[in-house]
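Here is the structure we will look at, set down as structure tokens.
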Amino acid sequence: MKKRSLISLVLMGTLSLALAACGEEETAGGSSGDSGGEKEKLRLVTDGAYAPMEYLDGGEVTGFGVDFAEAVVEEAGYEADIEVIGWEPIFVEIEGKTADLAVSSITINDERKETYDFSVPYYLSTNMIMVPEDSDVESGEDLKGKKIAVLNGSTGQEAAETIAGENSTDVLKFADNNLAIQELLAGGADAVIADNTIVEYYTQMNPEQKLKVVPDEDFADEFYGILFPKGSELKADFDEAIKAIIDNGTYTEIYQEWFGTEPDLETLKAQQ
Amino acid sequence: MDFRMDLVIDYMPFFLKGALYTIGVSLVGILLGTILGLLIGMGKIMRNKLLALPFILYITFFRGTPLFVQILLIHFGLIPLVIGQTNAIVAGIVALTLNAAAYIAEIFRAGIQSIDRGQMEAARSLGQTHAQAMRYVILPQAFKRMVPPLGNEFIVLLKDSSLLAVITVPELMYWGRAFQGQYYKIWEPYLTAALIYLILTLSMSYLLGRLEKRLATE
Amino acid sequence: MIKVVNLKKTFGDNEVLKDISVDIQPKEVVVVIGPSGSGKSTFLRCINLLESITDGHVYIEGVDITDKKTNINKIRTDVGMVFQQFNLFPHRTVLENITMSPMKVKKESPKVAKEKALVLLKKVGLVEKANAYPDSLSGGQKQRVAIARALALEPRIMLFDEPTSALDPEMVGEVLEVMKQLALEGMTMIVVTHEMGFAREVGDRVLFMDGGYIVEENVPSELFARPQHARTKSFLSKVL
């Protein structure tokens, strides 16, 4: 996992530089094609190690995010190949415009907005704390001085560093959430902070690990958006498409299929 | 390209702290690996093939599988199994040591086997036991020949220790990746890390070159 | 002194020594000659078990060295060996080469070992090289040090495995001179060599080996003057 993403990082870093100029023109020329005849084929990238959102199941990428992406691409009138490239390369590829869009449980924040464009929010998420069942941790404050495993560069990391201090060695930054969870199971960390989807899904799917999820009200609501290169003309089409599938019930259908509960559409729509 | 030198400078304390960890774990790894490697190398050249088998299997496993896999196995599997809970630095040092030992065992074996057979025969013909001949005649000569490949192994280990970032050993590459995760920058953290690695490996090569020269003239 | 009975040695399928029996008396100097591949060196190396013995027995002063219970390291201190390639220890000085085994094997004190070594170096004419490293010596000097090193254990038998074959011609004499001196002092010696002059002058007996057998043996004057076997004749006609 790490090795592959490192290689693709280097490759893509080089590629994105080389292709930057021509990529720009191509995207600009191509995305205006609303002639209706041939559907434009997009390159859609994802991390693929983020169950149940986007993950690999026997070589096939699947998950809520993937079903959502397929629905919204169709609604917007495009075609797309979904490619798993790892977390860090997403930002390299989108910035370098070698990929058209990324659906990868990417939290919308101001820092990222400086470099990228986001669609309207399509998913509501909160960071939560996962600890062993017998842990006495009741909130984020209780994690002071404890080892917290997080996904490198995630909002879970931000939450952890708010508690432990920026660049604290108590915050263990892993290349994906699975490794962070593994660290907790192996006893190298006292807690994991990650999106509720991740920790709730893992806790439910693996009752034998005897874990529990602890919420913290100080952890802000987060919204996932589709990531585009800055100034992408795709954004408008996809904003419309997201609203459309929420209104026509497709979104709720996919949500229920994956999480077994109703989505909080009101909070989501309020953000749009 | 917009290279944010200011971020690199802000982050420099972490790079330097990481570099110290890189040097530390590599140094401990090569030292423990040398001791273990000697024992395993000795084991491998035992005349009793059945007794030598475990050592041969050890070398085959650690040389035939990626260090990356070994690190994950040791960190998430072996260490929790042995001491109850995992610890990145312990796991990192164990992984580097076990891996280096396999390569050093081969360096050691090659070193011993490069010594002319006549040396052993002469020592034995003078009444020395096999162990005495090893101790006084073969090993002192073999060690001298082992210095250059051991030095290379150290440089390899220094670079390979970057893989420990995956289990969050706070070495150089870990901080490089943390930088990347924090600022979504590629060139700044990784070029800086690469430069520091280069300084470390070049310094090592220089020191080794001097050591080899001294040994050669001795 | 040395009794070899029906000695056989095979390397894999290759039978190098087929059936060797010989008796060597104290103070006797036995020279072994023969074409390459005849088994001369292997025969010599069997006498101090540098080669394991496939079949037969070797007795040294009545002790069967093929017996598993025999302490071969002890026997080897009584049987010195000099090699074609000298096999000096390059990481030790000349003096240390000589004192190492007396100190480590016979537990002699450094002082005693050093004194003895200097006497031996004087004997082979190399006292001034005591602190030199082997690499700085000529071939002849190296071989003389090797002889001194073997003598340091005060052996009663000396084995020489083609001691001059790796030397430049002008250095052969100095080594043979030392060996001759040793023979005069009454050392029991077995010498594998191509130096027929040495065999004739110093040897008490010459063994001619070929194809894994001792084909013929006799006092040097007889063997060289009147070889009995066709193979001996043919060999001697080539080397003389």
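To keep things simple, chains are lettered A, B and C as they appear, and every chain counts its residues starting from 1.
The rule is short, and it goes like this: a contact is a pair of C-beta atoms (placed from the backbone, for glycine too) under 8 Å apart; a residue touches a chain by one contact, two chains touch by 3 or more.
Quick caveat, the model's predicted, so the values are computed rather than measured.
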item: Label of the chain whose CA centroid is most distant from the centroid of subunit C; value: A
item: Chain centroid nearest the full-protein CA centroid; value: B
item: Whole-Å gap between the CA centroids of subunit B and subunit C; value: 46
item: Distance from subunit B to subunit A - Cα centre to Cα centre, in angstrom; value: 37
item: Gap in Å, rounded to a whole number, between the CA centres of subunit C and subunit A; value: 82
item: Multi-chain contact residues (two or more partners), subunit B; value: none
item: Touch list for subunit C against partner subunit B, complex; value: 48, 50, 73-74, 76-77, 79-81, 83, 85, 87-91, 100-101, 104-106, 146, 149-150, 153
item: In the complex, subunit B residues that touch subunit A; value: 1, 14, 66, 68, 75-76, 79-80, 84-88, 163, 165-168, 170, 174, 177-178, 180-182, 184, 186-187, 190
item: For the subunit A and subunit B complex, residues of the former touching the latter; value: 2-3, 9, 13, 17, 88, 91-92, 111-112, 115, 149, 152-154, 157, 167, 169, 172-175, 179, 182-183, 185-188
item: Partner subunit C, residues of subunit B touching it in the complex; value: 116, 118-119, 121-129, 132, 136-137, 140-141, 144
